[in-house]
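Quick notes on the structure that follows.
Letters are used for the chains, namely A, B, C and D, taken in the order the chains are written, and counting of residues starts over at 1 for each.
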Amino acid sequence: MKKTRRGFLALTGQLGLAAATLATGLFSRLAQAVDARPAFEATSFKEALASIGVTEHKASAEIILKAPDIAENGAVVPVEVTSKLPGTRSIALLVEKNPHQMSAEFMIPEGTEAFVSTRLKVAETSDVYAVVKTDAGVFHAAKVVKVTLGGCGG
Amino acid sequence: MPDPMRIRAVMMGEVVDVKILMSHVMETGQRKDADGNVVPAHYITEVTATCKDKTVMSAAWGPSVAKNPYFSFRFKGGAKGDKLSITWKDTAGGTRTDEVTIN
Amino acid sequence: MKTLESSRCRKMLLAVACAAPMGLAAAEPTDATRDITAIMKSAFEDKRQATLDRLDQDETQKLCTEARDQALPAVVAKKIAEINLATVKPPADGQYLGDWQNGEVIANTGTGLQSSDDPAKPNGGNCYACHELSPTEMAYGTLGPSLKHYGKLRGQDPAVLAYAWSMVYNSNSYAPCSNMPRFGHRGILTEQQLKDVMAFLFDPASPVNQ
Amino acid sequence: MALPARSTSSLIASLLLALSLPLAAEQTSEEAIAEYHAMFGDENPAELWQLRGEELWKTPRGPREVSLEACDLGKGPGVITGAYAELPRWFEDTGKVQDLESRLVTCMTTLQGLPESEVFAIKFGDGERKSDLEALTAYVVAASRGSRISIPLDHPAEKAAYALGESVFFYRAGPHDFACATCHSESGKRIRLQTLPQLTTKEGAQAAYTRWPAYRVSQGELRTMEWRLQDCFRQQRLPQLKYGSDVAIGLTLYLARKAEGGEMVAPSIKR
């Protein structure tokens, strides 16, 4: 672990964060220490959103979030977002019950459609959020994805 | 050397429809191998797409994007024959760029 | 066959490990099955706890293999039921019901005895792979009958408890060539685990009976 | 008065049907799983294996520095179109019934001169430890998309392999008394939420066999039939099936023959 941490320090120079990570003494946190970006280090939904500058957000029917009702396997869950909100600047995907809620954030420049489709890991049955930043504020849509157990060998 | 991406970029009316598959382990750093050792985190953190010197998409990813990632987006301003370039960077300093011709 | 099995068992107990699921009741191969068992053994190799002796068949496995997917002749069915009913051991203290919460964990756990499993961990029963149990668990299989409201529908009459115990201990005692493992007889689950599974089926507080 | 009576009873029947919660829940969860599968569309990471396999097939490798383009998979040297749909089959040169994987091993060792130890170094890939055999298999199998499975069992050795495969399919053993047939000889059953194909029927065998090899979502890897069988036996609590063994090939041949006439769609995407 020490080696990794030094490598990480050299790589990112984020001394403060590394010290804080060390102080928690949590193995899973240490294992995560390669990532210096606060949004992806956050361990609560609120904290994750705050780290991308979001404190308030409203539900909007103009965001269409497509995800399956049941994921046969949580390792790969297709998620597709279309925002019909004018002035959409970015789309973030968060999984509420994952150890780290922030999954991805997509910047939408002028001329690019407010549409993304990808596949996420969902650790357990959870709400999946699409959080959309626009010129007129921040909006979200959410959908619950049930993750089921499967197979003959557990 | 990471494996090449499979990129499809097709005109749909005036929009370029992009579909990408990337070869990457996307290790979270939380998984243990058969011997009980933690597999170190190793995942893509950044993806950018460029067409005619313009960034048409940039994304920040964390470890919960699924293994061998799939990513699709759509943009205007491209035309048949234009080049689209996709680059990813990962936590281990790895990177890969692939280019396709829009058709 | 029953006497043969149990005498072998007793001898083996003295020697090493009768209680180990694999050591049990591997009868001498007959002409009909010697070839296929030998072929199987040459095509497989030991992997951790999953060793080649697991390919040896006991009398029940042999008879069920011969039947393939056809209906069992009545006389064979009767024979299998007899062999297996004789293996059923009631709980030592006469108490059939343990802790339903632990039983629920066992019903949900699919690991145990695979080459990839940690032998230090308790085996699962994987009941949900084949049975509907708690009405709130939607990911259940249909290879076996629904067991929803099992205790609620049947009550806890001693005969009812004894029958259910026989089924989980050795399914072949009443259902010859059942798809269901013989959990007690083959040492997959311990006596305490079987009691816990029983409680999961019968306890009025268990989610199965809600 | 017969008419109203009939419609009343059918109304009651449909009410009963609607109230039959387990049935309704089952349909819902099965539909939801179908929806989950549909969301993957044509975007299958198996393509990444196909790309790597094509490269491996066409690049001169091994001590002899030749490509695999002269490899005979049963339809003549270098012919891959439709080859997988006719495997396993008898090969004169080796005097054996071979599946695709074991045939690829033959070509890599005899044509390219690669030592068997190197070919078998990584049978099943794991993340950055990539298996050449899986990549090559993906590439060759994809060239059978749209081809119909044809296993005529012309050679006596093929008939013998089929008979062995059938015996193995019904062989019950291990602590759990499992055989392949335990889970795969009834229709319309499932384990948890996974529908089980009835492999003893044409319909069930076709549904299953035409979709393997597959990208396994649960592992993030492309898996071949050799892996599928080995992993079934692991779950049966049996020891490890040897790669390319007569049991592996016999069972594959048995399943392929059961799926006769089915149209190959593999590599597919599976849980």
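The rule we apply is simple: contacts are C-beta pairs under 8 Å (C-beta built on N, C-alpha and C of every residue); 3 or more make two chains touch, one makes a residue touch a chain.
Since we're looking at a predicted model, the values are computed, not measured.
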item	value
Those chains which touch subunit D and also touch subunit A	B, C
Central chain of the complex, centres being mean CA coordinates	D
From subunit A, the most remote chain by mean C-alpha position	C
Subunit B-subunit D separation of Cα centroids, rounded to whole Å	29
Subunit A-subunit B separation of Cα centroids, rounded to whole Å	17
Intercentroid distance (Cα basis), subunit C paired with subunit B, Å	49
Interface hub residues of subunit A, defined as touching at least two other chains	70, 75-76, 78, 146, 148-153
Residue list for subunit D, restricted to those that touch at least two other chains	29, 183, 191-193, 220, 234-235
In subunit C, residues with contacts to at least two other chains	114, 116, 128-129, 138-139
Every chain pair in contact, whichever chains are involved	A-B, A-C, A-D, B-D, C-D
Touch list for subunit B against partner subunit A, complex	15, 26, 28-30, 38, 40-42, 45, 54-67, 69-77, 91-93
Subunit D contact footprint on subunit C (complex, rising order)	21-22, 36, 39-40, 42-47, 50-52, 54-57, 60-61, 64-65, 68-69, 113-116, 128-130, 132, 138-143, 146, 148, 172, 179, 181-182, 186-188
Subunit A partner contacts - residues on subunit D that touch it in the complex	29, 32-33, 35-37, 39-40, 183, 191-194, 217-218, 220, 234-235, 271
Of all residues in subunit C, those that touch subunit A in their complex	108-112, 114, 116-117, 124, 126, 128-129, 138-139
Touching residues on subunit A, where the partner in the complex is subunit B	4, 11, 27-28, 31-32, 34-35, 37, 39-40, 75-78, 95, 98-100, 102-109, 111-113, 115-122
